[in-house]
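Here the chain labels run A, B and C in written order, and each chain numbers its own residues starting at 1.
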Amino acid sequence: MIRQKEIVLPSFNRGYHLITRLIEREFSDLPAVGMMHIFLKHTSAGLTVNENADPSVRIDFENIMNLMIPENQTYYTHTDEGSDDMPSHIKTTLIGSSLMLPITSGQLNLGTWQGIYLCEFRNNAGKRKLILTLFE
Amino acid sequence: MIRQKEIVLPSFNRGYHLITRLIEREFSDLPAVGMMHIFLKHTSAGLTVNENADPSVRIDFENIMNLMIPENQTYYTHTDEGSDDMPSHIKTTLIGSSLMLPITSGQLNLGTWQGIYLCEFRNNAGKRKLILTLFE
Amino acid sequence: MIRQKEIVLPSFNRGYHLITRLIEREFSDLPAVGMMHIFLKHTSAGLTVNENADPSVRIDFENIMNLMIPENQTYYTHTDEGSDDMPSHIKTTLIGSSLMLPITSGQLNLGTWQGIYLCEFRNNAGKRKLILTLFE
């Protein structure tokens, strides 16, 4: 059994944002045992699971990823859409744009410290679309 | 319901290559709602979803990944298979070797700018094997 | 059909460890055709598929990832849990914390050189929990 829906997230500023609650509230009846797949339909934002408690982790993510994949380098050739565009594509591929999460006893079965991050890499992005697929 | 097939891709040069059409044509009857999983059976190539329009994005991918994970560094100990081998293993793990993609209305439900990349990290690779698994 | 179990791995030292056999022995009856999903319930360790033969690959992984994401940098603000903590979170997101693997003819259908790695990023981690989910 597979169920699917498309949702639109609110706009987020550039940075790393917890969206666990936004995802959980999309289904009132998660199966006893199953999986949820989350797919981001964009190439300049990402999805990951990481620390859900201390906001300093998400600030450090922004800073470190910008050091690893800097903007405004002479080696970029894809520059028409702004200095944040090509680095965003690289970050998307390194972090990934989908998640597959276990469901147990009718809930997402995340670890105590795990939360779902929407990683917004663009300076001025619009709303991002997700496809949620439930396996049960 | 799960269906599975193994396919062999044509050989690709080192670099990042759009294979969306090659994948889509493997199934003449995608389900109305489902998922497709693509698994690459190799440790020196990768799969990702990224920008499908401007080839400069794929050229920049090759250049930036080579800057992040350079060849011929003294700290590599696994060097018997050539200077491109150990960097290829690292790239494989950072980019990933499988994809899970939603199917909606009988088609891969990718965003407007999303395409499937085969990332070939070796200088002289052979043909790569994929396992395609359909959930419906 | 979905089956699920939670397992606890033995403690591993910081580094990259092959756990293919540990995973395979958890099920005595894999389906003829299916998939196995492996989810790590932690934010400072990772899962990946990479070279299963030469241990030097796994040593190089440790060294290169430490060069890419160094400890003790002044730009980290999340430092209360030790110098290895924030780099561990970054590594987790770059490498990933789950795998989806095809099953064919009652076995994990990995390539000849592919093995499952548990990537332990902390200096003194405890036992790590995995959720294994079978699709058949």
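Just so we're on the same page, contacts are C-beta pairs under 8 Å (C-beta built on N, C-alpha and C of every residue); 3 or more make two chains touch, one makes a residue touch a chain.
As the structure is a prediction and not an experimental result, all values here were calculated from the model.
Although subunit A and subunit C carry the same sequence, what matters here is overlap: shared residue numbers make up under half of all numbers found at their interface. Note on subunit B versus subunit C: their Cα superposition corresponds to a rotation of 120 degrees, in steps of 5.
Centre-to-centre separation between subunit A and subunit C, using Cα means, comes to 20 Å.
Residues of subunit C in contact with at least two other chains: 68, 94, 96, 100, 135.
The touching residues of subunit A, when paired with subunit B in their complex, are 2-4, 6, 37, 39-43, 68-69, 75-78, 86, 89-90, 92-94, 96-98, 100, 129, 131, 133, 135. Across the complex, subunit B meets subunit A through its residues 33-35, 48-51, 54, 56-57, 59-61, 63-65, 67-68, 94-96, 99-102, 104, 109-114, 117, 135-136.
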